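The structure is given below, and queries will be raised subsequently.
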Amino acid sequence: MKKQFASIAIIGKYMDPNALQQMQHELAQLVQHLSQKDIQVWVEENTAHHASLVGVNTTTLSEIGTQVDLVVVMGGDGTMLSVARSLYENQLPKPVPLVGINRGRLGFLTDLRTEDMLVEIDKILAGDFQAESRMLLEASVYRAGVQVLNGVALNDVVIKSALRLMEMEVEINGQFVSKQRADGLILSSPTGTTAYALSAGGPILHPDLNAISLVPISPHTLSNRPITVPSECVCDVTVMQADDAQLSLDGQYQQTLNVGDQVRVIRAEQDILLLHPKGYCYFDMLRNKLNWG
Amino acid sequence: MKKQFASIAIIGKYMDPNALQQMQHELAQLVQHLSQKDIQVWVEENTAHHASLVGVNTTTLSEIGTQVDLVVVMGGDGTMLSVARSLYENQLPKPVPLVGINRGRLGFLTDLRTEDMLVEIDKILAGDFQAESRMLLEASVYRAGVQVLNGVALNDVVIKSALRLMEMEVEINGQFVSKQRADGLILSSPTGTTAYALSAGGPILHPDLNAISLVPISPHTLSNRPITVPSECVCDVTVMQADDAQLSLDGQYQQTLNVGDQVRVIRAEQDILLLHPKGYCYFDMLRNKLNWG
Amino acid sequence: MKKQFASIAIIGKYMDPNALQQMQHELAQLVQHLSQKDIQVWVEENTAHHASLVGVNTTTLSEIGTQVDLVVVMGGDGTMLSVARSLYENQLPKPVPLVGINRGRLGFLTDLRTEDMLVEIDKILAGDFQAESRMLLEASVYRAGVQVLNGVALNDVVIKSALRLMEMEVEINGQFVSKQRADGLILSSPTGTTAYALSAGGPILHPDLNAISLVPISPHTLSNRPITVPSECVCDVTVMQADDAQLSLDGQYQQTLNVGDQVRVIRAEQDILLLHPKGYCYFDMLRNKLNWG
Amino acid sequence: MKKQFASIAIIGKYMDPNALQQMQHELAQLVQHLSQKDIQVWVEENTAHHASLVGVNTTTLSEIGTQVDLVVVMGGDGTMLSVARSLYENQLPKPVPLVGINRGRLGFLTDLRTEDMLVEIDKILAGDFQAESRMLLEASVYRAGVQVLNGVALNDVVIKSALRLMEMEVEINGQFVSKQRADGLILSSPTGTTAYALSAGGPILHPDLNAISLVPISPHTLSNRPITVPSECVCDVTVMQADDAQLSLDGQYQQTLNVGDQVRVIRAEQDILLLHPKGYCYFDMLRNKLNWG
């Protein structure tokens, strides 16, 4: 019988050499554990380098996922976000599943602990897991009719003034919604509603909802409350006034926005696929992360 | 060719004799206008009585919709809510469309003005309208395993302490979500998110979203924020502590809740159907009602 | 030299026989400890009874404080609130200081732990404490010009509809402020801003501020935000519409309010005096209670 | 008898040549009107230049107020803020009163209309006015122990990250309050609580309150709620982590903040003095500006 996960990629907190050094032991353990099971293991190149993993097959972030059946991320939610976006940009015919291992406190997206990762990974290899689709957002910026940026986000597309108060016009499916004077606007996927959007006063959306949440940041008009629309909607935001507006995807700065720029946000064509341990419950995670009760 | 709307029911603000007297002229006009077009007109009995409409066929609220192709409501959002629930309780094989006429300022649900109602109604009769489905919520109360209440709501199911601070346990699809200490909890349909739920800090949900929004009222734990789940979810709320908890549907008191009572809220089996004038736009209505810009 | 605290009253969670039984040991310890120091000890009568403290001088809640130099409360914040109001109602020429001992987690107002209460009490007896004034609110209800209620609150005066949506008119120093449609209105002292007012979205006011905070509960108009005024202000709230409005002081129901009733809230003439252990810091308490960081 | 206002300075929207041109007529009218009353009139130089006011005595913004008994501002709230800060920086022995004239909709600070300004000004000249003190905030930035910035603000001192999420440590009177992870922090005077602080979720403080409001912007920890302290407090904010933090006063960018920088905010030594028409009521203004009722 063919293994479900015959080939696995491993990636650590690839931007942070110090962190990689600190998780060197766990990474080596994981590589060895999987290799012994006759699984073909690929390690992202920065991860291999800074964690001193020698004699391993390496791959790049931009190619991660192209030839594997599973990607294991060792890091926090931030690393998960980056890898998820990279996987999408690989333009694979179908999503490669993703699993996250966290050191210390679990994240919103990373639900295995390093302490018991080998046991947990074995369960996943044995098919003992829950798969969960998460939608992505695709953002494009048009300037004088020409597309000048295109990218995806798992959490959120944020349009924001560096100082304060910009003016935007929001349209949904070509229908005028509002002229907003605010510090900015967050367009969030359900996954992103427990991140920045929550701090800005937005609602929590269950990840199974097919929805986009528009959350104004410190809006001038107090009745400009967060609004959630179906994920099939085309959300257009035109910058009407701003000295220093910026667009970011999952908290990563992308580019400056000029007056007249139009940002279009839609649901991305393909979802990503997260694997959780069996028995995973979204609400347990929420209660734990938000200190309920 | 068979008329689409061969038989129409008319209902005014049926609980309020004074209001009915005041709208007597418009009601009479409407009855006459429709009758002249060879449409069979039924008038709700209180409406006929207090608006002194003589020589008309009358019907009861509980039977309204059973034999007509369209129900026209003359009143505010409150009347629309009651009629919508009544129509549902008629248990018709398919929803009878509903159109709302408002005196003065338009409502969230009533979008024809009495001033130009005849012209607007004619357009609707000519097929020149937009139909929109709106989901309802169904609430049941179980006491010691026995169902003691069952009803529907277009806006919201509200569980609330008359004085303050009750304790509830919330489960969704059988999964424990949270123990809430709060003044109460609003379970809102998308339609209801611009009503009480908005005052309590909840998000606005577009009516095309298939979702239920759970909005705590003055929660003791500040991180207990509104959460929105897919409308297929089964939401169970168990009363853990309360001296004086109450359940209401669309703002209408239904019954006292005891400690141990379980309130189950699900999406009702059938939606209702609203007819809007062509060119109706949800966001225009929102902008107008919430004084945006 | 005359002792600063020659006579001390002790009161437990006087409304709750079970709790009193459970704290019997600590209460007995405290009585004995103080008696040995040649301090005249008075015990509130319910406390003495249910905690089986025999051979002690007893006093009533309504007389507590009349003949002592210090009142020690063993209970939670709720007991402190009641005792504080009782002390005020004693109409003593100057405030009798109050100290709170809590079992388990400390409260907003009770900052000695039973574990080390004897050591901490000794420090206070030795003059090693910080005294802190806390303002009270005085509420009066006028019906057709006649005063029908008068009372004080340490936390808050709450005007609230049992079901929902009442209409009130608010005046400050005789100036019209707003017509509010809301579930209710909280008038809070600085002390009360970390209680119910916080749940309803109000700001935290440092107890040294001489201020009254008006916090609407689920206001219909979204721009009806909490407003804080100097404590010399006379705040008048007139009930304009309500089926079932109620007034409560520190969460204790006082009476039903009718349409036309006028509630006047002012700062009470005398503050109460809390004694904290030396080194007490309001912000430490806040950080601890609100789980900051 | 000596006139109360023998010498008056006039200043328009001095940064905006277009606006000055448009208000040329009103400015000329005002100059002429006052000159005819034998009042010595000074016009701010940019105002005189762009509004083509010839044959008038001119003065600079930085000297405005040094030799007059009253400053009349024609512009919006923004101009008032700038002039108020300038007046303070003049370091006059006592505050020069300030009156604001607005074209179109009245502002929070400007309460005369151009339409009836001559009548209203005459009333003020006749002593028919209400004077109101407004406290200012003074902000200093210390870098490695050296003060690198000092300035005042009438509305607010804002510490904010250009992108997002900075980390700050807040101390009040040397007592640790909290470690904040947020987009930023607003330290607002009562006057500023209806400006940016309100958009960020802060409370409204009546201008007679001697208080400083600390309002976190999109705080990571949901229980990090706005807190208001007496105006005698020394508020220290230390930047712990930030790539791009900035300090602004009344919305005017002042300087970049580095990690380790300490921002100290206190109440400024002198208040400013606003003159309102007799019968002015703060709550009327609030109701009007916030669209209550």
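List of remarks:
Per-chain residue numbering starts at 1, and chain names A, B, C and D are given in the order in which the chains are listed.
Everything that follows uses one rule, which is that a contact is a pair of C-beta atoms (placed from the backbone, for glycine too) under 8 Å apart; a residue touches a chain by one contact, two chains touch by 3 or more.
Given the structure is predicted, the values throughout are model-derived calculations rather than measurements.
Between the two copies, chain A and chain B, the C-alpha superposition involves a rotation of 180 degrees in steps of 5.
When chain centres are defined as mean Cα coordinates, A lies farthest from chain C.
A repeat of the C-D interface exists among A-B, A-C or A-D; more than half of the contact pairs are identical by residue number at A-B. Centre-to-centre separation between chain A and chain B, using Cα means, comes to 38 Å.
Distance between chain centres (mean CA atoms), chain B to chain D: 48 Å. The centroid of the Cα atoms in chain B and the matching centroid in chain C are 42 Å apart. Residue numbers of chain A whose C-beta contacts span two or more other chains: 198, 222-223, 225, 290-291.
Contacts from chain B toward chain D in the complex involve residues 222-223, 225, 291.
Chain A makes touch with chain D in their complex at residues 158, 160, 162-165, 182-183, 196, 198-201, 217-220, 222, 244, 246, 248, 251, 253, 290. Residues 172, 175-179, 198, 202-206, 208-209, 211, 213, 221, 223-230, 233, 281-284, 286-287, 290-293 of chain D touch chain C in their complex.
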